[in-house]
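Read from first to last, the chains carry the letters A, B, C, D, E and F; within each, the first residue is number 1.
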Amino acid sequence: MRLLLFNPNTAAALTQRLVASASRVLPADVDLVPVTAGTGFPYISSRAEAQIAGAGVLDGLAERAGTFDAAVIAAFGDPGLHAARELFDLPVTGLSEAAMIMSLSLGERFAFVTFARRMRPWYDEQVARAGLAARFAGTFAPEEGFGSISSVAEEMREPLLRTCLRAAEAADVLVLAGAPIAGLANDIADDVPAILVDPMQAAVVHAVALHRLRPQGADRGSYARPPGKPATGLPAAIAARLAR
Amino acid sequence: MRLLLFNPNTAAALTQRLVASASRVLPADVDLVPVTAGTGFPYISSRAEAQIAGAGVLDGLAERAGTFDAAVIAAFGDPGLHAARELFDLPVTGLSEAAMIMSLSLGERFAFVTFARRMRPWYDEQVARAGLAARFAGTFAPEEGFGSISSVAEEMREPLLRTCLRAAEAADVLVLAGAPIAGLANDIADDVPAILVDPMQAAVVHAVALHRLRPQGADRGSYARPPGKPATGLPAAIAARLAR
Amino acid sequence: MRLLLFNPNTAAALTQRLVASASRVLPADVDLVPVTAGTGFPYISSRAEAQIAGAGVLDGLAERAGTFDAAVIAAFGDPGLHAARELFDLPVTGLSEAAMIMSLSLGERFAFVTFARRMRPWYDEQVARAGLAARFAGTFAPEEGFGSISSVAEEMREPLLRTCLRAAEAADVLVLAGAPIAGLANDIADDVPAILVDPMQAAVVHAVALHRLRPQGADRGSYARPPGKPATGLPAAIAARLAR
Amino acid sequence: MRLLLFNPNTAAALTQRLVASASRVLPADVDLVPVTAGTGFPYISSRAEAQIAGAGVLDGLAERAGTFDAAVIAAFGDPGLHAARELFDLPVTGLSEAAMIMSLSLGERFAFVTFARRMRPWYDEQVARAGLAARFAGTFAPEEGFGSISSVAEEMREPLLRTCLRAAEAADVLVLAGAPIAGLANDIADDVPAILVDPMQAAVVHAVALHRLRPQGADRGSYARPPGKPATGLPAAIAARLAR
Amino acid sequence: MRLLLFNPNTAAALTQRLVASASRVLPADVDLVPVTAGTGFPYISSRAEAQIAGAGVLDGLAERAGTFDAAVIAAFGDPGLHAARELFDLPVTGLSEAAMIMSLSLGERFAFVTFARRMRPWYDEQVARAGLAARFAGTFAPEEGFGSISSVAEEMREPLLRTCLRAAEAADVLVLAGAPIAGLANDIADDVPAILVDPMQAAVVHAVALHRLRPQGADRGSYARPPGKPATGLPAAIAARLAR
Amino acid sequence: MRLLLFNPNTAAALTQRLVASASRVLPADVDLVPVTAGTGFPYISSRAEAQIAGAGVLDGLAERAGTFDAAVIAAFGDPGLHAARELFDLPVTGLSEAAMIMSLSLGERFAFVTFARRMRPWYDEQVARAGLAARFAGTFAPEEGFGSISSVAEEMREPLLRTCLRAAEAADVLVLAGAPIAGLANDIADDVPAILVDPMQAAVVHAVALHRLRPQGADRGSYARPPGKPATGLPAAIAARLAR
């Protein structure tokens, strides 16, 4: 199967980091197809950016329709996930969703650990949106600010490790949230008395599982394709998909 | 004060219907500024359309920044609401949010009544997203399909009335959901033993209240303006707003 | 419109403080009619006192029926609110309800900040009663005790400010709860990185909005007027209202 | 022990019915002390009446303080329960609370069955107030109206039986709610494939259990006696109790 | 009545401790029949041990069927409770359930206090299983580890007292959870500004109340006896009970 | 990898049915190792049977430890799942858990459809236990009773199809619950306008995903192996595992 890794951020370095993480759990018979968004933001970190990037995700997927069997929206916060599920008849998941879902079988409570305090409310909202608050222990972040988004995984290693130790008091499973720290879970796993989940890896194995269970994805029920509709002012690919 | 009524649908006839409804409760000292979206869909009726239209709302508001004191996103489902709250330092609300909020003081339980069954799950999600499920009795819709979106309020009057009677068994307050039936609440109020709320009217009075209480809106906390960020491929107005 | 501000506490000084706060957001076309309860307690601070004062509210409103268009029960905890909603066919709200409701459009999570730790469980109950726990971050109060209820806003200014800073870690919006600290929100707003809501001001703008949306209030559904019933041993005004 | 059965309704016939029901489960070493409220309403059936009657309960208990070891507030809806728990250092429970609590050990889900549809929202609120909604299947009532409150148990026997059969589809335990139908649970038990709970009986056994476990009741924590406070215009007994 | 106290732990010393605690609240007309499990673990402290011990409880009760009128499963975590409720037509409760239930009438929020941190998630699950999370403030335990399970109540007295003081900040009622600390609640009650509940005592009074209310227990609804079924490899008593 | 399919029922015909269903989604590099329980019940259909069978699962897995890389507990209701997660350092899931989890990515709401009404409350409890009630639309079953458990999938095909059509009104995803109807989802998929999930298939793909993500399973946090403990009267394999 061909698994599209669509990075809604425009920073190609993030895509590389995500691919490196994904490759650790990629089955031999899965071709990973990484794509970096052509429009949007270097790194999505607010609801406003996610609203816009989510529209871009739909266009990006529409452009490539037919070239992949399942898709991962590779940003925490899953911009455009539920919309994409309506428009494409194949499995689609996102880093937040997949990380939460895999956590459910690895512990009783999961927490998010991320590198910037200001993302906490937005990340908390992912859990409420998914109806999983009963299993959630909160989003934890270091007190410290960070310098550069491109090196945050290295720069913040120690503060994030300390944050993990704190979060491990409240949760069995810690999701290391945010594309810029993809791969960090493996690096610090031995130093934390909790299970660390890398969202990119969770998304790969979950997307493969979904593809095996139901290649056509969420094609019925409330996520079934909406009736065709004309659109004004949209990019061609997404307009065409919506019109049919 | 100048109150922007931003209709994220591209159908100007809907804007007229919304303005007619709003005018019934508009205070004398409020100027209503109606705008119809220039891009998007004649009528938003799916999560995918809301994802795209929500991005358009941000651009539409950015283009007009400085010309209004508060804004209503005039589509049920509130596309772009939380994103807009981050980007603009003035009160912003939406038809769903305002209708739910006003309902809380008019009864113990509220329900949505709408004209198409397929919108029920998406409308239910608005309530879950707002954390108000404990006060919600569900979304009710007629069994019958409808012909034309532009005349649905007239065409479906009887089925909607019957649906209201059914919903009144479960809720004190019924929100007549969906821009195409704006104004219907007033027409059938005498025939239903429950309180009918017109979302457009709820949004007007709530936006005015928010403006009076806090003209600068949600300018602190997790909805405070995110740090400026460069963007690629976005319309000029929204790109400029995000960059600062 | 004439807006009744019914203070269920017997301390006239509290009424003055509430009126001063209300006047900051009062529309020009609204006449505020302040009334101080003639029976009850100087300051309600327990469930038992609220039970009794709530009955007094009903009598107080019944005595004045016909002289106002909407009413605010001006004590946190909203004594008698739901009962009043049954008996009077006009909008009625309370400080807790209105503050919570306005907070919903100003942030994702709200918290209460008050001056006495022992009121925390009772204030928490207001949120559970309203079904809004999913949006609530808790009631925060200083460790310190206070001297006099009449000067608590001044005396506890610094401890309350520190408490706000602590609460701002958990919530976007802080409701400064309790009539004795009405007006404090405006005084300390510049020193707190969160949105401060004054419940009296929230109640004024919300009551005005309700009046504009539905002058007859919650006159249908489960808050509709109960059938007339004879009563024994009640004050004349409320007995007469219940009897019809 | 002396167990006060305080009927907040003024109808003595209801007290007799309640005593008859209570006597079926009364331990030999418990003296039941029935009291009928001197002020209030023949039969409480709205939030407004409960607000007023609840204040009367406090006065009634204060008048008799020292003459009983535990108290049952013998009306569904438990008027004044939480307030009484603050003021008296002995166990207090109510028909709703006790019936819900005993139901928790008799099945997974409980329902209320009552004789009048208009009481459903208010009865539902008891469950939300108690935080027990996860175990609740709703309030069921006959479609039919009833004639006289004094003979409703006899008059509505068949409709109530049919309602029980319907409720038994959704719940393991049915609480026959409302003092006017006290005792009916025993009469129709053989005809319903669910467990029927009589709230008066539940309250007797639960009050006795509380007395044995903790004779001083909820005398600590947030239900501890509030500090003494002067009151204006209250009956002497309750004023005295509040003042100390 | 004969009340079976079935200790699912195999340590007879625990049974003695439980009996001593129970005797403080045992009515004169109740015969307590203590039994120590013959198979299983000295002290159950994990989900795995509870799964196995719960099966042992069913066998133990089946062996003694006919010799008791009600049963208490005397281990926190209530191993086998819901299963036992299906198989025996008499009241059955457990230490966790009864402690939670009695707490509901003694305060607004309850907490668990126990002696070992590793039991916290499992104890938290009891509350979620019971649907009582809205009334729960969490499980509190000392930082310190303990030496011997047989003397933990004495050895950990001071750390547990400190833990109670901490928990009293969050809850009205503290349940001293775990059979090895049965009786401790009485010893330290004077030193804690909250209500302390001993689960064994709560279970005695609640089981007696259930017996008086409904001697046949949960014999209808979803806990009614399942249809008879053959079994392979089970002890004789439980196999016989299941077969009929 | 070797995937243990442990059928906690003693009916070998059920194992065959489960294997047939599993084989439809089994990756080429996974060896399925089916095992039928040697003790217990032909078909588990009550909480009591699940309590006992769950203990048997632990023994069955302990006997085979070292011969498999991941395990599926192949009965709806997941007997022994959380206990097994403590004792074995490899991924373990169950039919209920896996079906719920996969459903989360295929729709907004899922429902259970099963063949016997009496299992509804027990199946509902699985959802509450998992904290997923916000995404659940209930358990649906035909009105009709069935004849033989071994042919229920064929015998009840029409009633189950009608039940699916009814459930599709409330949910996007329908889980066909119960080992005796394994495989039915594929047979009737074309006739139902919702997504049908076969729990056995969901469990296979989810177990494989868990194994790829974390071969050591839930070996940290609250599901980490409990300290070794002596046991009395247990089968040798499980006693040995618990002792170490």
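Criterion: a residue touches a chain if its C-beta (ideal position, glycine included) is under 8 Å from a C-beta of that chain, and two chains touch if they have at least 3 such contacts.
These figures come from a predicted structure and were not determined experimentally.
By the document's definition of touch, common neighbours of subunit D and subunit F comprise B, E. Using mean Cα coordinates as chain centres, the one most removed from subunit B is E.
Rounded to whole angstrom units, the spacing between the C-alpha centres of subunit C and subunit D is 29.
Between the CA-based centres of subunit C and subunit E the separation comes to 43 Å, rounded to the whole angstrom. Chain contacts: subunit C has residues 108-109, 121, 128, 131, 133-134, 172, 221-222 touching two or more partner chains. Per the touch definition, subunit F reaches subunit E in the complex via residues 10, 38-42, 45-52, 54-56, 58, 80, 82-87, 118, 120-122, 128-129, 131, 221-222, 226, 229-234, 238, 242.
For subunit B in complex with subunit F, the touching residues are 121, 124-125, 128, 133. Note for the complex: subunit A touches subunit E at residues 108-109, 134, 172.
Of all residues in subunit F, those touching subunit A in their complex are 25, 27, 91, 93, 97-98, 101-102, 104-109, 130-135, 168, 171-173, 193-195, 197, 201-202, 205-206, 208-210, 212-214, 217-223.
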